[in-house]
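Structures are listed in the sections that come next.
Shared chain: chain A. Partners: chain B in the first complex, chain C in the second.
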Partner chain A sequence: MEFNIVNPKTKSELLGAIRKENHFRFGAGCTDLLMELKKKPEKDLTVINLSFVKDPLFTGIKKSAKGLRFGAMFTAHKIVVNEEIKNKYHVLHEAAFNLASTQIRQVATLGGNLCTASPSGDMACALVALQAECELMNTSGKSRMVPINDFLIGVRKTALKKNEVLFGVAVPANKKTTTNIHSGFIKIGTRRSMECSVVSLSYHVQLDKNGIIIQAGIAIGASAPTIRFAESACEFLIGKKLKTISQEEKERFADKVLSYASPITDIRATAWYRKEVLYNISKSILE
Partner chain B sequence: MKKELKVIGKPIPKHDANIRATGKAVYGHDIVMPDMLYGAILRTEHPSAIIESIDVSEAKKLAGVHCVITAEDVDVNNIGYKRDHPILKTGEANCTRDEIAAVAADTKEIAQQALKLIKVKYKVRKGIYDVQEALKKSAPQINKFISGKFENKNTAEIFHYEHGNLEEEKKRSKHIVTRKFTLPRMTHACMATSNITASFNLIDKKLLLYSSTQVPFLYQRDMAHALKMNPSDIRVIQPVIGGGFGSKLDMHPFEPICALLSIKTGKPVQILYTREEEFIASPIRQPMEIELTAGVDKAGNFTFREINIVKDNGAYTSWGATTPFVIMQAFSSLYKVNAVKFDAMAVYTNNVFAGSFRGYGNPQATFALERVIDLLADELGIDKAEIRLQNANRKGETTGQGLHFETCGLVECLENVISKSHYNKKKSINKEGRFKKGIGLASMLHVGGGAKIYRSDGCGTILKIDPYGYCTIITGSNEIGQGSETVLAMIASEELGIELKKIKVINTDTDVKPWDVGVHASRTSFVAGNSLLGAIKILKEKLNKKASALLKSGDSEFEYSDNKIISVKSNDSIALDKVVREMHFSEPNELAIADYFYEPSSKFQDKDFKGNVSGTYAFASQAIEVEVDTYTGNVKVLDVYVAQDVGRVLNPLLLDGQIEGGILQGVGYALTEELLMHEGKILNPNFHNYKMLTASDIPNIHFSPVETFDKEGPYGAKGVGEAPLIPTAAAIANAICNALDLEFLDLPITPEKVLKAISLRNTKNNSKINSHSL
Partner chain C sequence: MKKQLKKNKPKIEVLHEISFTLNEKQVSCKIKASTILLDLIRDVFELKGTKPGCHEGECGACTVLVNDAPVNSCLFLAVNANGKNITTIEGLTNHDGSLHPVQESLVNNGAVQCGFCTSGMAMSIKAMVNHFENSHHVPGEIRNDFPTRDEIKKFLEGNLCRCTGYVKIVDAAEKLFAKEEF
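Now for the complex of A and B:
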C-alpha cells in the first residue's frame, strides 16, 4: 500500500490541494480508506489528509434554531458523548454508539461514514432518518446544500463532484410542537462490536403533547444498494397515536418499510433473512 | 491435606504482564537480524489443478530479489504426521494453501512484487470438496503420497474402539436416540500472525530458527527430517508467542521454506503472514460429521453409545487427524456407560486441512454427546440434571477404556452449577413473548496430567541458585501465553523461600533447555511443575547439607523462608545466598545446581486404545442461560456457571484468565465462528466476516473451582487449559433448544439458522423440527 500524502492545515490549503491534485482520495479517519487501499492499491494516488485542517466549521458542532450543524470531521466519539444529540436526536447517538469499537470511534468521522456511501453505514442511516442535508464546498469556497437522499446515489457513490469536499452536515431541528421523541437505531449483526450491519433500521418519530405522531423519519440500511428513506411508512404514521397503534397497523407499517428493501444474499446473510428481520424489527419499534 | 502455602494459590499477575502490556515484548515480528531478507510464498490460484509449468525467470531478474525456489530447487522430505505433505508442490495443486514457489528479497514489497512475476500454468480440475464424493469409487486419489493402507484410496486415517457388549445393551435399552451432527471449521485466529526467522550459517552449517512452535523439540526433529539435517545442528529459539491454542503443534510448510531460503542465500530470512494469509494458510479445528446412537435403560442408566465419525481431512494429514484419540475418551468415559463402539475416519478432500485446536476434538464430541443426553432425558421423561448426576463418573472409577479416576470432581461440579444457576427453577421458565430464555447443562472429561502419545510425556528441569541468592529455572516446557512460567516461579518461590522477583525462568532455547514434549494436552503446569519439584528436592538436599555444616548444628530438617534456611529444631538460620557462596567458593567447591527429569505415571494405550493415558483427569460442568430474540434469531448468552475440577488452584488470577478466554472461544464456536468455504476457497479470510467475538460479547461468568487434590499433581493440581471451552457449545445448544423447544444439530447456531427454524415451525406448525430439514 503506497500513496502520497498531503496535509492541509487550513480551509484554503485544503481547497488548494483539491485544485492541485489530479488523482486523489480524501482521508478523514481513514478507517475504511486504508482497508480499501490495502485491498485495491491505486497507482500514483495522493491522499488528502483532512485530519489537520483547523476550522471549527469543519470539525465542530453548532446549534441554532434551524437545528444542528456538524462539521464533516466531527467524530463518532464526539457524537456519542454529546448530550444534546443523546436527548434530541437519539437515533444518531445510538448509530454512533453501535459503530465499530471504542478505539475506532475516536477517529471515525461523520463525513467519512457518509462519503464511504456504504449501504450499511450506521451514522449515514441515522442521518437519512433525520433527513439531513449535506454541505458540499467547491474549490472556490462556494457551498451547495444537497438533501442526503440525493447525496447517497449508489454503492460507494455520492453526488460529490471532483472539485468538491463534504464540508458539513445539517440536521433539521425537531418540530416546535414536539414534546416526546421516539428515536433509535437497531443494528442487526452477530457480535456487539466490530460489526458491519446485516440490516439496520433508524427511526426518529416525533410526538405532540397528546402522543400523536406529527413527524416521522424511517430509514433502512444494508437492505438495498443505498440507504433508503421509507417515505410511505413515515406518512403512514403521521396522525396516529403511538400508544394505540393496532397489531394490524403495525404489520401494515412493517410491510411498508419492507417495500423499500431489495436485499442481496451474501456470505453474511441471505436476502430471506434480511427481509424477515427487517419486517420483525420494523414491527418492534411500534411495540 | 491442604498445607498452608505462602505463594501457591495467590492471585499473582503473569510474570511478563508488564512487558506485554507496555508493548516491550519481543514477538517474532519484532526480530531484525543484520542483512536479513524477507521471504514470501506464492500459493496456488486453484484448489485443484495440474501445474503444467512454473516460470520464475522474470522474478529472479527483479532487482532486490536474492533467491526464488520451487520444488525443483530443493532436496527435502515430506512433512506432516503421515509424511504426506510436500513442502513445495510440483505437478499438481490440491489445496488453496498449496505453496508453489517462494522468494527472498531485500524488502517485503520487492518480495511481493517478485511473486507477481512468477508465471504458473495451471490446468484446472474439478476438485473434490465433499467427503462422500471423495469416498466414491470413481473419485481420483487426492493425496498420492499415502499408499494402500486403507481400502478406500482417499482414506487418510481410521480409528476403531469398543468396549462392553453392544448388542446386549441395545436390547436392554428402554429408549434409543440417533442423531447426526455437523461441526464447522473454526480457526485459531491468534493475535500474532504466523512468523519465522531463519538464519543458516554457511560456515558451520548450523541453522538458527526463531520460531513460534509449541513443541520445540519435536519441531527440531521434524525440521531436521524435512531438511535432511542433523537435529542438533538446528537451534530453535522461541520469541514471545502471541497465541497458540494448538495451532503451532504441527510444523507448517512456510517454516522449512523459510529455512531453505536462508540456506540458499546464506542470509537470515524472515517470513511473516498477513492476516489474510493467516486465515487462509494456518490450521483449523477439524470439521466432522458425528453420527451418535445412544441408549438409556428404564432406570435412567446409560447403556451404550455407537459412534460413526467422518472427518474432512483436507488435502494433507496433520495432527488434526488424530483427534479421535481424545474424541473416543469423551464417548467411552464421560458418564458411566456399559458398551461403546466407536469408528472414525478421516477422508482426503481438496479442502484446507486441520491442525490441533484447544480441546483436540473434545468440543465436537461433547456437543454431540451432551445434546443426545438431553434427548434421552426427554424420551424417558427424566430431569436433565438428574440423568447426568445419576450417570456421573465417581472417584476411584476405571472406565471401559481403562482411564483411572484417582480423583473425580464431576458430581461436585454438576451439583455446583445446578444449584448456583437455579437450574431447576429456570428450566421451565415461561417461554412467552419475543425474548425467550433457556438454560442448558453440559459436562466434560479431559486429560489433566498430560497425555502419553509420544515415547515420553516427560519434562526436564535444571535449577540453579547463584551466589546472590537468585534462582534460575531452566525448564524444558515453554510459554505460549498460558502462564506456566509464572506458576513455575511461584513453585520455586514457595519451596525455596526466594522472592518472585529473584526468580528467572529460561525456557526458549533448545540449545540450553532440557527435553520436553511441548505445550499441549493442558499438561505444562502439571508436568513441568512436577519436574521442578523434583529438581528442588535434590537441590535442597545439597543446600541442607551445607547449611547444617555452616550452622554446626547437625540438624537435618530445614525450612526455607525470606531468603533464609532455618533449622526446624533450633530455629537458627543462615542466609540462602551465603550458603550458596560457601558451596561455590569453599571446599569441596560444588555448584548449587540440580537437574531432574519427570515422567508422568501414565501409560501408553494398547493397540485397542485401552490404558490409562494421563497422569490424572479433569472434569467440568457448565450451566448456561441464554436469551433468544425470536425477531432476529440472535442468541444472547446471559450467564455462564462453570465448575471445574482443577485439582488445586495454583494461581486464581491465571485460572480465571483460562476460564474466561476458553468460554468466549466456546461461545464463538457455538454461535458465530465458521471459516466458510466454497469449492476449496475460503470466503471470509478476515475478521470482518469471520465472526470472532470481542470483549464486549463476554457473558457474565460465575466460576467455582472444585479442588480434589490429586496426589499426582503439583500440590494436587490438574491441567486446566483446554477444559473451559469444551462443554460451552454443548451447554449453549442445550439452552437454545430449551428456550425454543426446537432442535439444532449444526454449529454455529447463527441468527439466520435460529430464525429459519422458528419460521419453519410457524409455517408447518410442527413443534419438532431439526435444523437439517432447513
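Now for the complex of A and C:
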C-alpha cells in the first residue's frame, strides 16, 4: 500500500488541494479507506487527509431553530455521547452506538459513513430516516444543499462532484407540536459488534400530545442498492394513534416498507431471508 | 533480469516529519505517507507490546490510546499522530516498573491466558476507566455509578480473545471499578 498525502489545515487549503490534485481520495477516519487500499492499492494516489482541517463548521455541531447541523468530520463517538441527539434524534444515537466497535467509533466520521455510500451504512440509514440534507462545497467555496436521497445514488456512489467536498450535514428540527418521539435503529446481523448489517431499519416517528403520529421517517438499509426512504409507509402512519394501530394495519405498514426492498443474496444472507426479517422488524416497531 | 532490477529500483519518496508524545516522552521521526501507527510503534520505536492481530480493525489487539481515546493502531495513519499524545501498554506501567492497577486486576483475576489480546484489552479497559471517570465521577465523592457488566462488555466489544477468556476479563474490569481508586 503506497500513496502520497496532503494535510490541509484550513478550509482554503482544503479547497486548494482539491483543485490541485488529479487522482485523489478523501481520508476522514480512514477506517474504510485503509482497508480498501490494503486490498486494492491505487497507483499514484494522493490522499487528501481531512484530519487536520481546523474549522468548527467542518468538525463540530451547531444547534439552531432549523435543527442540528453537523460538520462532516463529526465522529460517531461524539454522536453517542451527545445528550441532545440521544433525547431528540434517538435513531441517530442508536445507529452510531451500534456502529462497528468502541475503537472504530472514536475515529469514524459522519461524513465518511455517508461518502462510503454503503447500502448498509448505519449512520447513513438514520440520516435518511431523519431526511437530512448534505452540504456540498465546491472549490470556489460555494455550497449547495442536496437531500440525502439524492446524495446516495448507488452502491458506493454519491452525487459528490470531482470539485466538491461534503462539508456538513443538516438534520431538520422535530415539529413544534411534537411532544413524544418514537425513534430507534434496528440492526440485524449474525453478531453484535463489527457487523455489517444483514438488514437495518431506522424509524423516527413524532407524536403530538394526543399520541397521534404527525411526522414519520422510515428508512431501510442493506435491502436495496441504496438506503431507501419508505415514503408510502411514512404517509400511511400519519394521523394514526400509535398505541391503537391494529394488527391488520401493522401488516399493511410492513408490506409498504417491504415494497421498497429489492435485496440481493450474498455471503451474509439470502434475499428471501432479508425480506422476511424486514417484514417482521417493520411490524415490531409499531408494537 | 534487467527488467526486474529496473522494477525494484526504489522511487524517491516524500517523507513527512512528525512529532508527538509517546508514553509521556516527546519524540519525532520521518515517515512515509502510508505508514501505519502500529508499524511505527513496533518497528521504529521498537515497542513490541502492541500486538499486530488482524490488521483490519476487527480484533483490537493493537489498541493504543490517542489523546486518551482507544483506537485500532492498525487503521490509524501515523501522520495523524502528529501533535497527539500516544499511550501504549509500555506507557501504562508505572515509572518504577510496577504494574498499573488495570494490569494488576487482569493478573489477579486470571484474565490472561495466551496473552496475545492482553495488551489491547488492558488499553481498552484503561480507556473505559478514563471514560467513566470523566463522564460521571467527581473526585472525592463516593462512587455509585460503576458501569454495569453489560456496559463493560459493550465497551470491550472491539477486543477479541481467541482463548475466549471473556468472563475473567470482564471480572477484572468489574473489580477494578469496585475499588475506590484506580
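In this text, the second predicted complex is superposed on the first by the 287 of 287 C-alpha atoms of A that agree within 3 Å, B and C clash if a C-alpha of one lies under 4 Å from a C-alpha of the other, contacts with A are read in each partner's own complex, and residues count from 1 in each chain.
Here is the rule we use: a residue touches a chain if its C-beta (ideal position, glycine included) is under 8 Å from a C-beta of that chain, and two chains touch if they have at least 3 such contacts.
What you see is a predicted model; the values in this text were computed from it and never measured.
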So, after the overlay on chain A, do chain B and chain C clash or fit? They clash
Inset, instruction - Could you look at A:Ile238 and tell me whether it touches chain B, chain C, both or neither (first, second, both, neither)? - result: neither
Exercise for review: Applying the touch criterion given at the start, work out whether A:Val155 contacts chain B, chain C, both or neither, answering first, second, both or neither.
Suggested key: neither
| said: Looking at A:Thr190, would you say it contacts chain B, chain C, both, or neither? Reply first, second, both or neither. | reply: first
- Message: Just to be sure I read the superposition right, which of the two partners does A:Val81 touch: chain B = first, chain C = second, or both, or neither?
- Response: second
Winner on chain A touched-residue count between chain B and chain C: chain C
So, does A:Gln106 touch the first partner chain B, the second partner chain C, both, or neither? second
Query raised in the report: After superposition on the shared chain, which partner residues are touched by A:Met145: those of chain B (first), chain C (second), both, or neither?
Result: neither
Clash check vs chain C: of 19-27, 181-189 or 253-261 in chain B, the offending stretch is 19-27
In chain A, both chain B and chain C touch residues 2, 101, 192-194
Within their complex, chain A touches chain B through residues 2, 101, 188, 190-194, 196, 267-270, 272-273, 276-277, 280-281, 283-284, 287
The answer for chain B against chain A in the complex is residues 109, 434, 631-634, 671-672, 676, 683-684, 687-689, 691, 693-697, 750-752, 755-756, 759
Chain A partner, complex, touching residues on chain C are 14, 16, 32-34, 36, 55-58, 60, 63, 66, 69-72, 75-77, 79-80, 82, 124, 127, 135, 154-158
Chain C partner, complex, touching residues on chain A are 1-5, 7, 27, 30-31, 34-35, 37-38, 47, 49, 51-52, 77, 81, 100-104, 106-107, 192-194
